[in-house]
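In the two complexes that follow, subunit A is the common piece, with subunit B as its partner first and subunit C second.
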Partner chain A sequence: MIQKAMPTSRRTILKTLGGAAAVAAAGPSLFNVARAQAAPIKIGFPVPLTGPFGTEANDQVKAAQIAVKQFNDAGGFEGRMAELLVRDDRLNPGEAATRTLELIEKDKVNFLVGSLSAAVQLSINNVAKERGVIFNSISQSDAINEAKDWSKYTFHEALNPHITAGAVGRYAFSKFGKKVAFLTADYAYGHEMVRGFKRAGEGMGIEVLADVRHPIGASDYSAFLPRIQALKPDVLVLCNFGRDQVVSIKQATEFGLKRTTKLVAPVLLFTARKAGGDSFEGVVGGSSYYWRLEDKVASAKAFNDAFRAANGGAVPSDYGALGYAGVRSVLAAVAAARSTDTDRVIEAMRALKYDWYKGPQYYRGCDHQSVQSVLILESKHKDMKNADDVFSIAAVEEPDEAKLRTCAEMGHKA
Partner chain B sequence: MMAFPPELLAMQLVTGLALGAVYVLLAIGLSLIFGMLTVVNFAHGAFFMVGAYMGVFLYGLTGNFLVSLVVVPLAVGGIGLVVERFLVRPLYGRGIDYPLLLTFGLSYVFIEVVRILFGLNGLPFSPPEMLQGAVDIGIGYFPLYRLFLIAATAVVVLALWLFIERTAFGLVIRAGARDPEIVRVLGIDVSKIWLVVFGIGTGIAGLSGVLAAPLQGVAPEMGVPILAEAFVVTVVGGMGSLVGAVIAGLLVGVVVAMTSLFAPEMAKVSIFALMALVLLVRPRGLMGRAGLMG
Partner chain C sequence: MTVLDPPQSTARRWLGHVARHRVAATLGFLVLFPLIVPYEALAANILVLGLYALGFNLLFGYTGLLSFGHAAFLGSGAYGCGIALVHFGVGWFGAILIGTALATLVAAVIGFLAIRTRGIYFAMVTLALSMCVYYAFYQMEPLTGGENGLRGVNLQTIGVFGFQLSFLNPTVKYYVLLAFVGVAIWLFSRLLASPFGAVLEAVRENENRARACGYDVAATKLVAFVISGAFCGLAGALNALHLSIVPIETLHYTTSGQVVMMALLGGMGTFFGPFVGAATFLLLQDVLSVLTQHWQLYVGIVFILFVLFFPRGIWGSLLDRFGPR
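Right, the complex of A and B next:
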């Protein structure tokens, strides 16, 4: 017993660092001797708490903690409580690999959920597959599900550029016109998005007037705009992210591009929209989630209410919601498998048909990509219900495996 | 490759000049401080960022952009005075790397303080109503605010030039830069001049922050990339030369604009290529003086 108690208290110290939910989960195991023997189910959660995506990452943590709390409130799994071990990956693949290895070796996590960048998730995935730990990624990437990076331990909860860009492209090209210009951040994410748009446009007969690549993290886009303006495209697709997106949209607006051209972004982030202000008006883009989905989808309402109750009325962001879904899927699979054994949980996850927060979803058999709906959002700055009501949902593309790249195309045997 | 009509090239030139305006303002401050104090101010980008935040904050309070334009340079310059008096001054005579490291660290402090006060995510900011929108300048539509930016920069440069070339205090500044020893012998307190110069330099950085805020909104990290670019401008223009900073600032702006048109991927690299080229031909920069780095 004493031997058992020792690591529990050492662990408690780690938990204090780990976050409030972890402490809450440790409570019963400290005071209840019988429960102290039931080891918690540990989920490692590396996200970039510091750095440019800190706001989104913190939202991911808050939402993930709700999934943990709901699981524990329902009694956990055979008395075993879930516990979230949050780590800062600092948006750095090397740092993420180190933290992940620590989580696996030192903290003995059962599962991994997390990441907020294409490069970081590949690095976490590498460590996880080497060590045989399930990793459910909650950030966009095309590569992670391709055969060369993928393993049976890899799950992908988030959308990927191919699905998102495809859905937005199909909507925008049919609605706003076929003459298209791209302004793209010159790195993997941008290229993947452009590829997605072009694929969606191929069958629709779009004409690409220009594909302008800008260096990532440029502070000024004015020099790229006159040429695009002179081409008078129907649609200008801005394949960039975060602050790049905020600044380029702002400057395109000031150049008066909106007079002739519809601005389209593959992904419209809730947080970026709030930082970007009014210049986003009328910009169309894709998203995995927007809180106003609650008007139509019951699970969205339930999730939002739980999030609001825990966070003083704030609504979850898109990436935040993925934190919730990522953790909930793993825990639901534990309950379904009646085990924390990795192979049995994998089987259970593969069999999940779930609706956690946005309508029905499931993981595709060959590559574990979550097949799900894509929301097409349009930014507004009028008729807002409150300060968080920044988008209207223009369309929803329902979950459809046919919209994904085929298993063979991803290098998997079907 | 498509042909580029002359209107587009002209438009690109104007765009480049507007871009260059921000570079000019930043490089002037940097160059002024280096030229007089031989301090390489790595906190310059942070002063720029602090100025931008102050401008946005004040605009929120007063609703008057002019107030921001007047108050912020004074306030940021005030911070500069304090920094020079209590942090930089003890380091004079210790070699160029001491103040460099100090200001480098200081920039992180400023960024972190702003993150704590205003959050990690930037704040949106638009030009004031009067300067919003695009106007037809004969070759196409161009944002009115960017035209204002070119004009504002011209005014600042002119004012600074008159101050340094035409006032008694400016004369002392120039003398102090050329030979502090003699100026001291003549009974002038050189440390006071240095204090004022540091204040003016940082004040201009603050002003350029306010002027740049409507272009891109504000974010805690906004000063980081622009500092690197401002250094390139000062090096191209010649460390310590004001005329050089103005010429190089506009040159860099135009070079960025033109590469953005012909080879967009190269836009960021182009200014470094330009720097390498200039340094090969003129190791001291376009208008640099000898011996400053010695």
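Right, the complex of A and C next:
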């Protein structure tokens, strides 16, 4: 069989081999040029697709894909298209660190955007900053911008507890009264929120009647609520999140607390409100975004329309919108820097003055916190345009660096 | 054995070699392991959690005590190492020793309190005590970072015998971790082959008979508990260096449950089983969670199938089928 197939002479084989070698030798350079132009700009996107925040995380992915699509439809950057690499971090910092290592070491991502928990973003940040990869966080945390955790590769697109609680506090204390009680979930998020409210209230002369702590995941608030009710506060601030918030608001309503006291939450989630239903009536809280902003802000309208078109008419949630802004900022910086080189993209991001979806924003120089507006929302049950129209925008606190903690306070030099 | 055996014995002969040279075989496999895993960070995870399962298996598989509190040892090893590095500026080698020592100490305290109970009560007591450890670390926020976890366990380079190795290079990192895991595996094998190892199995098979033979059963259990904790502590310390963070979830009881699953999946009471279990569990999770959001469903189904049809686990069933008799 071998002999039959061997009419080719040794010489021919040598010639063929030589030719192949020549092509191979010339090949790599040609091939590399072709590849360099086509190589996608990879953005790693670790979010908790499974777990209690799965709804928000899926919304973040949908919104981020719109930013990628818009970038690619506009021709990309010198022919290079953007690509989103979504990973499930399971809301677990250890898994997030592993996935971040995978994205950096195996997939060689250019940038990282994502996360939906304080601990997870700090974990991603630590892994990314050691390896010199830009990370734009889209979830709330005070710690990530402090000098201890921060690096020049760290950007923070989301609000943080200090600004959110501050804005809500300034609005609520001036409007509803100065006698305040807190009901706080006993963990970092709750503590940071209380700190923010107290800071905002200091100058306004508020009187703190009680700061009641409850364990995370408590299902029965009857031990706390009568005590608070007896103090007759003007404002009850619920510094808890997700299911705790829904349950405690429900029980406060049943206790009749709403007759004497205004209920206030630092963050009102669009998804939690839709799940929580009627008990939210009249509750006031803060948010980074609400879709009805489109009535006033042109960029919100444009973003909502793009999101509706891609997702069968659904409107984006607050955290979802952050996925869009986080990715769009990075891609806009690539276009502005005319490069994907990390240092040049950092410079471009620091120089950005942008309005992607909610009005003007920019990153503060010393800690890369996105300076942006805070929405004060009130939950409503009348005059709803449709099933998604669950809040009215009571006030908008315009972007103002003075409302953030100072750079010196966060441990930065400048 | 070599010539007269029927043809199917090739596999049996191979497994016989593996069983006889279990340290060399395990190490040989682990050296080549990164080549067959999707990425190095996952290989390192499997390596470290395999060691965690190995330590757990000493108590569960060889001594017959089901603990639901082993996260306490993984976690205190990780925090001990991380805190030494971040807050006290200890070198990486010293930090690993401190982490392991802290876990050993915690194991001694928990073991002292827990070994007087048996069966389900033992599981409950270890679970409760490990949750005490969880809250202790949770509350020590200035040291441990509390809810946010400990960050900044950063090693750019490590000095080994005068060489500076880049710890950021995933391949280097894997083999540095493997050096420690290798020593631990060798120690573990020596321990099992010693008279003490035989006493452990005697206690597992029949506690009363072991006592009647004159062995101090309580002391044996306590020593096994402490040694098991030390192995898990080393795994924790290595995990802290690998991930450069220590999440508070490391101490949570779900981490204790995870190691039970790994040991069952791989084969309890077998030397190589814990690594097989860790590899199967983590690979399944990793691959499926990229493909589908319902990965938990599939991992659960696989686990149920194994418990129903291969109660001795993957490696245990292989040994049963083909292993040396």
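We adopt the following convention: the second predicted complex is superposed on the first by the 377 of 414 C-alpha atoms of A that agree within 3 Å, B and C clash if a C-alpha of one lies under 4 Å from a C-alpha of the other, contacts with A are read in each partner's own complex, and residues count from 1 in each chain.
Following the convention adopted for this analysis, a residue touches a chain if its C-beta (ideal position, glycine included) is under 8 Å from a C-beta of that chain, and two chains touch if they have at least 3 such contacts.
None of these values were measured; they are calculated from a predicted model.
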(Q) In the overlaid three-chain picture, which partner chain does A:402 touch, first (subunit B) or second (subunit C), both, or neither? (A) neither
Q) Which holds for A:247: it touches subunit B only (first), subunit C only (second), both, or neither? A) first
Q: Using the touch definition from the top, say if A:256 reaches subunit B (first), subunit C (second), both or neither.
A: first
Q: Figure out whether A:218 sits in contact with subunit B (first) or subunit C (second), or with both, or with neither.
A: first
Q) Touching A:387, do we find subunit B (first), subunit C (second), both, or neither? A) neither
Q. Regarding the shared-chain residue A:278, is it in contact with subunit B (first), subunit C (second), both, or neither?
A. first
Q) Touching subunit B and also subunit C: which subunit A residues? A) 54
**Q.** Partner subunit C, residues of subunit A touching it in the complex
**A.** 49-50, 54, 87-88, 90, 92-94, 97-98, 101-102, 105-106, 118-119, 122-123, 125-127, 130-131, 141, 143, 148-149, 187-189
Q: In the complex, go through subunit A and note every residue touching subunit B.
A: 52, 54-55, 186, 212-215, 217-220, 222-227, 229-230, 243, 246-247, 250-251, 254-256, 259, 271, 274-279
Q: Enumerate the contact residues on subunit B facing subunit A in the complex.
A: 4-5, 7-8, 11-12, 15-16, 18-19, 22, 119-127, 132-134, 140-143, 145-146, 215-217, 219, 221-222, 225-226, 256-257, 260-261, 264-265, 267-269
(Q) Under the definition above, what is the set of subunit C residues touching subunit A in their complex? (A) 38-42, 45, 141, 146-149, 151-152, 154, 156, 168, 170, 239, 243-245, 247-250, 289-290, 293, 295-296
